[in-house]
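Heads up, the next two complexes both have subunit A, just with different partners, subunit B and then subunit C.
And now, the complex of A and B:
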C-alpha cells in the first residue's frame, strides 16, 4: 500500500497516495481541471499548460499533470490567477488557429472548442497570426491538416508509446514548430495502415480519416460566445 | 564540441548532437541522406533526427554559402532595430533571409541569441561577432569576406 500524503486542495484537507499527480488527485476528488495534451495512458509532457494550478510557495504556476503531490502542499485549482492563465493560453492557441470551425469535420467534438467554450472565451484579444500548411491527403490511411495543429504532441506519444511505430517527430523551433514525418514530408507511410492511434488522439481537426461518401458528423453543436 | 575529433562511431542516442555538429562541420550541411544514415546507426526515427537538426540554428539542412551571416533575432537585438539591419543586408546581398547568393559567397540566416546583447544589434559572420551595427557599416564589413 502506497504511503498516504495529506495536502490542502481548494481549502479542503484531502489525502492521496504517494506518487499521484495533482491532476490525478483533483480528478479523484471530482475537481475538473481542463487538459489538452494529457492522456491518461501516455507519459505526461506538460506541453499545453492548460492544467496549471497554483501551489503555495511556488514562484510560478505548475502543470498539475506531471507534478506529484507532496506532503503539506496547498493547491488552488480554480483561483482567479489560474483561470486567467488558462484563458490566456487558450486565447493564444486560438490566435494561431484557423477560423475554419464552421466547416471543420471536428467541429462538434473538438476539444479546443469545448475548452474555449468552458472558459468563456470570446473574440480574439491578440493579433491573430495563422500558419497555413498544405493539407496532406496522399496517404490512404489518414489526412493531416497541420494548420489546425495545437502542438499537444499526443499523436507523437501515441505513435511511439501505443503503436510503437515512431513515425512522427517534433521539428523546428518556436512559432515554426511542427509535427513532421521523416524530413518534413507529407505523411504517406505504410506503417499507418490499420492504425488509428494518432487520429483518435488528436484533440482538434488536424488528423482525420479520409472522409467517406455520406458519412455523418458526430456530436451536438457547441456554442462559442462571441 | 572538440574541434579536431574525427567523427566518432558512436551508436548512442545521447551523442546525436555531437555527430550532427561534426557532420555539419565536415560536409557544410546535413543532407537527408546523412540524416537517414545517422538515424539508422543510432536506431532512432528519422523524424526525431530531423527534429534535432532543425531545432538548432547552427545546424543546416540545406547547403550554405562560403560565408554564413547569422543575424540575431532575439529580443535585445530586436529592440535595437535588428529588422533594419536584416532589411539592409537583404538589399545589399539581393537575397531574402534563409537564402544563399547565386555566387555562393554569402548565406543569410537568423539565429537565436548569440550572447552579444551588450553590442546589439549584432550579427555573426562565420565565427566573428560584429556588434553595434549601423546600416552604413554593413558594406564595409561584408568586403572583408571574399
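And now, the complex of A and C:
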C-alpha cells in the first residue's frame, strides 16, 4: 500500500497517498480546480496553467495537475492571487480566440466558455491579434478550424497515447505555435478513419466531425452569468 | 575590487590547439588530484568551495552533484550547457575559443564525481566554428588517457534561445522539439533520457579544475558571503572598451562599467540579457553578486540617446519570438506585451495600457512554466519602476496632438 502523506489543503489537514498530484487530492476531497489541458487518462503536460494553486514557500504558483503532494505542503486552491491568475490566463486565451461563438458548433458544450463563465470573465482586458487559419474540411472524417485552437494539446496526446496513430504534432514557436499534420498540411490522413479520439478530446470548436444534413447542435443553450 | 583571473586563467596563455602547452600550465593536475580522492570527497570539496551555478540561477553546484550522485541508477549523464543564447553574452565563446582543455578536464572531474559515463557538450548552433577545436581538445585528452572513465560527445543546438533552459536542452538532446518540461521531477532525479543528470554552465565547470588544484578553502575566501569566486562579464553597448572581464563577486557595477569598460554617458544598464534587469545610472554602486544583481553576466550599457521604450519593445519582441509556445502565460502574454509596447512606439499608448502591463507582468511571473516566461516581464517591470516618465511623456504627447 502506498504511503500516506499529510498536507494542509485550504486550512484543513488531509491525507493522500504518495504519488498523488495536488489535483487528484483536491478532486478526491471535493474541491473543484478548473483544468483545460489536463485529461485524467493522458499524461499531464502543464500547458494551460489554469490549475495553478498556491503552495507555501514556493516562489511561483504551481500547476496542480503535475505537482505531486509532499509531506507538510500547505496548499491554497482558491486564494485571491490564484483566482486573479486564473482569470488572466483565461482572458489571455480569449484574447486571441475568434469571437465566433454565435455560430460555433461547440458553443453549447465549449469548455473554454464554461470556464470563462465560471470565473466571471467580463470584457477583455488584453488586446492581441487573432489567429486566422483556413478551415480544413478536405478530410471526410473530421474538420479542423485552427483559428479556434487553444493549444491544450489534448488531441496530440490522445492521438499518440490512445489512438497510437501519431498523426498530429507541434510546429512553429511562440504565438505562432500550431498543431500540424505532416509539414503543416490540411488534415486528410486515412489513419483518421473510424477514430474520433481527438475530436472527442477537443475542449473548443477546433476539431469536429463533418456536419450531416439537418443535424442539430449539441447541448443546451448556455447562459453566461456575470 | 580588482580583476581576478580564475576562469580565464589560461586564456591567451596557452595554445588552444596544443595540449602540451596546457599541460605545462598545470593542465589536468586537478583531474589527477580528483582521481586520487573518492567521488564523495570531490563533491565535498566542491560543496565547501561554495561554488554556485553561473548560468544565472545560482544553484549550488556541489549540491546538484550530490543529489545526482545519490540518485539511484547506474546510468547518469553530465551535460555542459554551452548554448550561450542570452542577449549580449559572449563569455563562453571566449572561454571555449581560448581554453577548451580546462573544460574537458572539468567535465572529466565532474563525471568522475557524479558517476557519469557519458558527458554531453551542448554547443550553440551559432558557435559551429568552435566545434573542430573542441573536438580536437577531446581527442587529445582521450589519446592521453585522461578520459578513460567517461566519454564526451558534442551536440549542436539548432538556434533556439529556450534550449539554454535545462529541460528544453535535454529535450533537444533527446531529439525532440525544444520545449520545456514541467518540474518536479528535477534533472538530478529524472533528467536526460529519464536518468539522473547534472547540467552545468561552461563557466561553472571552468572553476572546477582550479578548485581541485588550489583547494576549496582558497576558493571560499574569494567573493562575498553568499557568492564565492569570480564572475566573467560580457560588457557591450555604449562603452569605449567592450569585452570580457572577470571580476571578484561583490565588485561594484561602477568599477566594471566605468573604470574597466570606460563608459561615461549612461542612461540605463541591462544586466543579465533579455530576461535580466534594466537599471538606471543611480544604481551603479550595486554590488555584482547573486544576492543582488547578476544573471548570466551580460552587461549592456545604453547612453542618453537611447529610447527606453524602444529598448523594452525590442527585448520583448525577441522574447515573444523565442517563447516555445507551450504554456499560455508566456505564449499569449509576451504577444500582448509586444502589441501594447508597439502602441507606445507609435504614440498610441494609454494610461490603461500601463495598468495592463503591470497586471500581466505579475501573472506571467507567477504562472509561467519555465524561467523564460517567469523572467520575461522583467524589462517591463523595471522600466515601469525606474523609467516611468518614458511612458508618461508618450501618453501625454498623445493627449496634446490631435489628429
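Quick notes on this one:
One rule holds in what follows: the second predicted complex is superposed on the first by the 222 of 226 C-alpha atoms of A that agree within 3 Å, B and C clash if a C-alpha of one lies under 4 Å from a C-alpha of the other, contacts with A are read in each partner's own complex, and residues count from 1 in each chain.
Basically, contacts are C-beta pairs under 8 Å (C-beta built on N, C-alpha and C of every residue); 3 or more make two chains touch, one makes a residue touch a chain.
Small disclaimer: the values here were computed from a predicted structure and weren't measured.
Partners subunit B and subunit C clash in the overlay (superposition on subunit A).
Once chain A of one complex is fitted onto chain A of the other, the partner contacts of A:49 are limited to subunit C, with no touch recorded for subunit B.
Judged by the touch definition given at the top, the superposed model places A:183 against subunit B, while subunit C stays out of reach.
Judged by the touch definition given at the top, the superposed model places A:170 against both subunit B and subunit C. Within the superposed three-chain arrangement, the count of touched residues of subunit A is higher for C, of the candidates subunit B and subunit C.
In the superposition on chain A, A:27 makes contact with neither subunit B nor subunit C. After superposing the two complexes on chain A, the stretch of subunit C that clashes with subunit B is 308-316, out of 20-28, 308-316 or 380-388. Once both structures are placed on chain A, subunit A residues 169-170, 172-173 are touched by subunit B and, in the other complex, by subunit C. Of all the residues in subunit C, the ones that touch subunit A in their complex are 160, 177, 179, 182, 184, 320-329, 331-336, 339-340, 356, 359-360, 363, 365-369, 374.
Residues 44-50, 52, 60-61, 63, 66-68, 81, 84-85, 88-89, 92-93, 95-96, 125-129, 150-151, 169-170, 172-177 of subunit A are the ones touching subunit C in the complex. Only residues 166-173, 180-184 of subunit A touch subunit B when the two sit together in their complex. Taken together, the subunit B residues at the contact with subunit A in this complex read 32, 35, 45-48, 50-51, 54-55, 57, 61, 112.
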